[in-house]
Amino acid sequence: MGKEGIRYAAKVSFDKPASEQEVLHNRWHPDVPFAGTIKNGEIVKIECVDWTGGQIKNNDSADDVRNVDLTKIHYLTGPFEIETAEPGDILLVEIQDVQPFEDQPWGFTGIFAKENGGGFLDELYPKAAKAIWDFEGIFCSSRHIPGVRFAGLIHPGILGCAPSPEILATWNKREGELIQSCSHMDRIVAQPPNTTNVHAGSASSDIKEKVGKEGARTIPGRPEHGGNCDIKNLSRGSKVYLPVHVKGAKFSVGDLHFSQGDGEISFCGAIEMAGVITLKFTVMKGGVKELDMKSPIYIPGPVEPQFGPGRYIYFEGFSVDEHGKQHYMDATVAYRQTCMRAIEYLRRFGYDDYQIYLLLSCAPVQGHLAGLVDIPNACTTMGVPMDIFDFDISPHVKAEKKDMGSCAYASS
Amino acid sequence: MGKEGIRYAAKVSFDKPASEQEVLHNRWHPDVPFAGTIKNGEIVKIECVDWTGGQIKNNDSADDVRNVDLTKIHYLTGPFEIETAEPGDILLVEIQDVQPFEDQPWGFTGIFAKENGGGFLDELYPKAAKAIWDFEGIFCSSRHIPGVRFAGLIHPGILGCAPSPEILATWNKREGELIQSCSHMDRIVAQPPNTTNVHAGSASSDIKEKVGKEGARTIPGRPEHGGNCDIKNLSRGSKVYLPVHVKGAKFSVGDLHFSQGDGEISFCGAIEMAGVITLKFTVMKGGVKELDMKSPIYIPGPVEPQFGPGRYIYFEGFSVDEHGKQHYMDATVAYRQTCMRAIEYLRRFGYDDYQIYLLLSCAPVQGHLAGLVDIPNACTTMGVPMDIFDFDISPHVKAEKKDMGSCAYASS
Amino acid sequence: MGKEGIRYAAKVSFDKPASEQEVLHNRWHPDVPFAGTIKNGEIVKIECVDWTGGQIKNNDSADDVRNVDLTKIHYLTGPFEIETAEPGDILLVEIQDVQPFEDQPWGFTGIFAKENGGGFLDELYPKAAKAIWDFEGIFCSSRHIPGVRFAGLIHPGILGCAPSPEILATWNKREGELIQSCSHMDRIVAQPPNTTNVHAGSASSDIKEKVGKEGARTIPGRPEHGGNCDIKNLSRGSKVYLPVHVKGAKFSVGDLHFSQGDGEISFCGAIEMAGVITLKFTVMKGGVKELDMKSPIYIPGPVEPQFGPGRYIYFEGFSVDEHGKQHYMDATVAYRQTCMRAIEYLRRFGYDDYQIYLLLSCAPVQGHLAGLVDIPNACTTMGVPMDIFDFDISPHVKAEKKDMGSCAYASS
Amino acid sequence: MGKEGIRYAAKVSFDKPASEQEVLHNRWHPDVPFAGTIKNGEIVKIECVDWTGGQIKNNDSADDVRNVDLTKIHYLTGPFEIETAEPGDILLVEIQDVQPFEDQPWGFTGIFAKENGGGFLDELYPKAAKAIWDFEGIFCSSRHIPGVRFAGLIHPGILGCAPSPEILATWNKREGELIQSCSHMDRIVAQPPNTTNVHAGSASSDIKEKVGKEGARTIPGRPEHGGNCDIKNLSRGSKVYLPVHVKGAKFSVGDLHFSQGDGEISFCGAIEMAGVITLKFTVMKGGVKELDMKSPIYIPGPVEPQFGPGRYIYFEGFSVDEHGKQHYMDATVAYRQTCMRAIEYLRRFGYDDYQIYLLLSCAPVQGHLAGLVDIPNACTTMGVPMDIFDFDISPHVKAEKKDMGSCAYASS
């Protein structure tokens, strides 16, 4: 046998907009046409654009982040027809590898402006900011956050099979009710279907219009199919078990991350990148009933970075907010406090808060639900690996404030 | 030098009630008298009763759990005077070892009845239930949950320094406001000071009365001092950094756990036990300001059980509840769903739901905050180590329903 | 049920010599009488003396090491009758726990004098030396080797079943031939049977004499039964599969180590201690044939200290000796060179060579057979965990020579 | 900034023989001309051919292995001039990544015939054999060894700086003396300089002749510079510290391995492949004296596959050979026995011995020097990760002999 390689199920172009490429789409809908066919048992490579479809540039200004058009994100590659897959089956997807493109060895982490996207800490940090990361093999470092370097736990942020019409209707009803019930709130609580900038792959204009009107936005993960789960450990070697809802599965993937922390707190919080994912597909007939599965399950791969448990520093947070208000068993409030404790600790070394906010979003931090039963305080923890810093951040070393430069900000 | 050992700073008795032992107490209050003195830099052993002070028996009925008197729990050993410690210092506590008593090689996990304590899943599982665990060296197994055996990540559920009067006042105000604002709710949201069964160590009756009226209940962890954090990884070799609020620190410890899962979901959800903890104390002068510390931090020890990342099966949950209602970014709702997914998966092997609920509470499961920014769905995950089962629970093996017996239930 | 615990199969005394205790013995021979009986499936505790039977003291002189009587070491506890075990079976021994005695929280590491025992580097380091280690829970530190502290990977140095008469004869013949063929060498190459200070438990004087004349010395491990394997990873949670050669198995155990490095290079190179081991015994009928087993196998436990692979510094050695002589594929020579490289590296911090020799013997260093096929050089490596030092030993930090005191030496 | 990538310091061709490419060479000699220049601090990519320079084909016959021309192997890429490097410096080489070529997703493991190369077990297994491995992202599997699949711990087998003339003279003298002293032995013990098929890069014919006459063969690693160390853990993220002996360092690299076991026992025992390595170079001025370094040291990367210690099965071997002869403290003999124990265990599942010999050579097995001081028996161990098999190989499951096909053999 001579030279050969693994088949590409889809290639993307960087010479034309994501919105014009037929192998991409940006809505979950059963009617988006197939972008290709993959055999049961086959291993293929699939190219993906970055999650903004190229809106963010490798420069030192966050104007692009501030002005990002959120109707033009999350271009997924697919949907693919997986031969023999039918509703009720499980699609087992093994992540054999994920790589950035060789000629694009960089990625970015963004903090969205509070008025355009926001993030987990936007009440405290409302400005747009950005860090560019350079990839050096399996490692990355950033001129915007000096003193830090780590191996990426590289993974896809989004993967899933298309919803059936019934499931799609459930999503739209459920999220619509939330929007209605929260109409008094001063923030966007969910993204309903939106025809602006809808991309439905190679769909005819009729289908595209239908997809725009009904199609689920890609932003949230959803229990019935997974989708945008942003699970940092879904890296090389992982196996994901996805329920199939339509004939041929209509599997899509995108939003590749070089690395992410638990929570992905700054929203555009992973190290976002374009790249290639190598996947193996296996259909497990009748698997949904067999496993009594309502949401995806997964088994991580064997090659996570290992720091040793004693090389993490853990911060604790409780469901008492920054105004001293006691919340009842609210893990979301607790984790926000946990993040604040980490920021306060790390700013002693000279970082500004936005740098740390970016770092905690994308570095391999461990976010744990420690205690959820001791009323009224939920307790969560965040473990920050000390070895990602090139200086000693342990509590026993006197913190020395260094000049840590700045992340990229938007012009004012 | 001849035979010698590490000094016991306190011993407990199993021949008289916890409420009569002067080295124990069950409230956080600055006026509880010192139970002993420990030098800065000293290593000592401290004996602890189990968290119910002996109310739960090694038998096959959960009547004791159903009838547990919640005013008689959490007897902590201490408070100890740590020489030279003053407000503003950090007390570094190194956990050198934790051991059950040699003649009590067993512990228990309880599900409290919804009307007496409850737990994370009490809407679904309102009955009292119990599992007894036998300790075999570093391992444990239970006649009430067959097919499972694991090494304990042994740790204290509660440790902390006494609050200052000011901090105590803050707690009472803050939690009081919550109680008031939730008065319409059909559940107890917090435990205010309660004079019933107050135990203030060797305090005079005046002081004891004061401690009863003002003293904070030990149930929740609190940001200012830690307390009942129930952090499963705070095991042998860990270092905890605790803020000191009163002269001499008044350090207390108790609620030893042979093992616990992230979340400790069934409330009495760890493997509760009596035992001995070996601690080293070091005062870091002025440490609170130096580390800009508002809540405790910790660094885990190097000896956690290692299963390999590929030996976990991970379940995903989202903030859509079991009635199909969409919640906005609620990690608590998401984790409850995650637990349900694990229960559904494991019941296929013949376990009943209460057995699994008990198991997920006390086995070393990993609960992660995966994604907290993709509106409206928070996503959490729970990783269950497959190697704690003596049969193969991986998705590729057909589940065989076995006779798994029963956990202990209350008589009806 | 009330108070209870795990049964002690044997207790030792520190008030009378090891040589007078009937539960101890110091030869491998099928005729040593049973010291007790253990059921198939039973978990028991077994007490052990340290490997010198108390000859080494907790002081600052190595006179005791220099003068050690090597006919009075390795008192093993047993042999135990394991019910139902017969030749051809496998005895599965699960190590549930190992603990030092609570009132003897210390151990020692010795370098034997070249003329009395020697060690792996005795050509270079011929003097007797000693380090005393204090146990602080799962950690140990030594006044004789400052700057170092680590969690012990606690384990038994010796465990095995008695040989059959045939196997014993094989051993004596095989080792006798070696002694004869090496009679020109300037060193003791094996220890033949020796009647001096033989201890055969409760044996009658006839049996005792026979055991002395024929019984195998306990120093080497041997392929047919394991014995003195000195495998550092045989720690809590490990399962060892031992071939049974005589009816009832006649299982013995001893030589407990708080910690040891791969190679145990200084001979008395582990942290030797007295203590208690908790074991579970299971007979696998006909297992030897079933597993086609000629030497013991084992599966480590899940709780080894984890430093993370990037927290080791690895030294390389080749089969070229310190005189520049090229040896052919000799891994023993290569590992000696590897040890020398580590000593040279560490002495830059102020340690003297004997301190490092002691440390590399007992700390959890990883000794690997890297390459054994690239003629003529065998290549071995030794990984030293950097986190056992309380200062930074990484190559990027300028080594600062500190006052590191001294290990204990013999008086001159 | 637009598209860009990491610079290639050297590219290889698969359209012409390795012997004709100026960026390759196959001897260690200070006069091999530079193949390129790399800045201090630079990150570059370097392409490498496989260690046979293309002699082995992706087919089902081992004729190519049997007939391999051992004078045409180990074509290294380089030597590179590292700017500012001078004798006495250390060259720090960080391995940022190693990848097979995208269009050559396969590699091979070979057993050389005893009369042409041989291997660690050639007395027992004298025939030529081969296994082809297919790469699926980070995993590999082989049609010649069914039932096995694992993530590669990908690494370079050879890297080092050129020797000075003095060091080269030492090597030739030292190995020449061994050859002389072993002239009675029935095997080749070392490979002296050989002018046949010498390749000295772009050297003039004079220089090439000199390199042929004096140049050291690449087969053994050597203490003074490392070279062919075949250290399986020198994978992504590792840092290697190499002594510099000539101006500009003259660094070379090659012999990429997708995976290897400790010992690389079958000689061509790794999964050999062509590919690309990404390296970062940093010169540490005067580092050799500073670190008192005689042989390379290294620090592994953080991303080794993690199986968990309890997922290995360990075999023990002692320095008693297969004829029952007792050797004195010979770790090489002991490791050979250890390998035999693993082969005996695994053949029960239907594998033939050559398949297992190949597998133990290239899978990530752990080879440890357990005990080296208990005269006369050295004890070594080999840990085989159970999770690389797709069936359960643990001792508690009855071994079922399956049809495991065959590895590739040479025609007779």
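Letters A, B, C and D mark the chains as written, and numbering starts fresh at 1 in each.
In the analysis below, a contact is a pair of C-beta atoms (placed from the backbone, for glycine too) under 8 Å apart; a residue touches a chain by one contact, two chains touch by 3 or more.
This one's a predicted model, so the numbers in the text were calculated from it and none came from an experiment.
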Remotest chain, chain A as reference, centres from CA atoms: C
Over-half contact-pair match to A-C, picked out of the listed pairs B-D, A-D or A-B: B-D
Of B-C and C-D, pair with higher C-beta contact tally: C-D
Chain centre separation in whole Å, for chain C relative to chain B (CA means): 39
Distance between the centres, which are taken as Cα means, of chain D and chain C, whole angstrom: 32
Per-residue overlap in chain A, given as positions that touch at least 2 other chains: 237, 301-304, 306-310, 387
Chain A - residues contacting chain B, complex: 90, 92, 119-120, 170, 174-175, 177-178, 182, 188-191, 219-223, 226, 228-233, 237, 241, 262-267, 269, 284, 287, 290-304, 308-310, 312-318, 320, 324-332, 335, 337, 341, 344-345, 347-348, 366-381, 383, 394-395, 398-399
Touching residues on chain C, where the partner in the complex is chain A: 306-311, 387, 392
Touching residues on chain A, where the partner in the complex is chain D: 1, 3-6, 14, 43, 57-59, 95-97, 102-105, 136-139, 151, 236-237, 278, 280, 301-307, 387
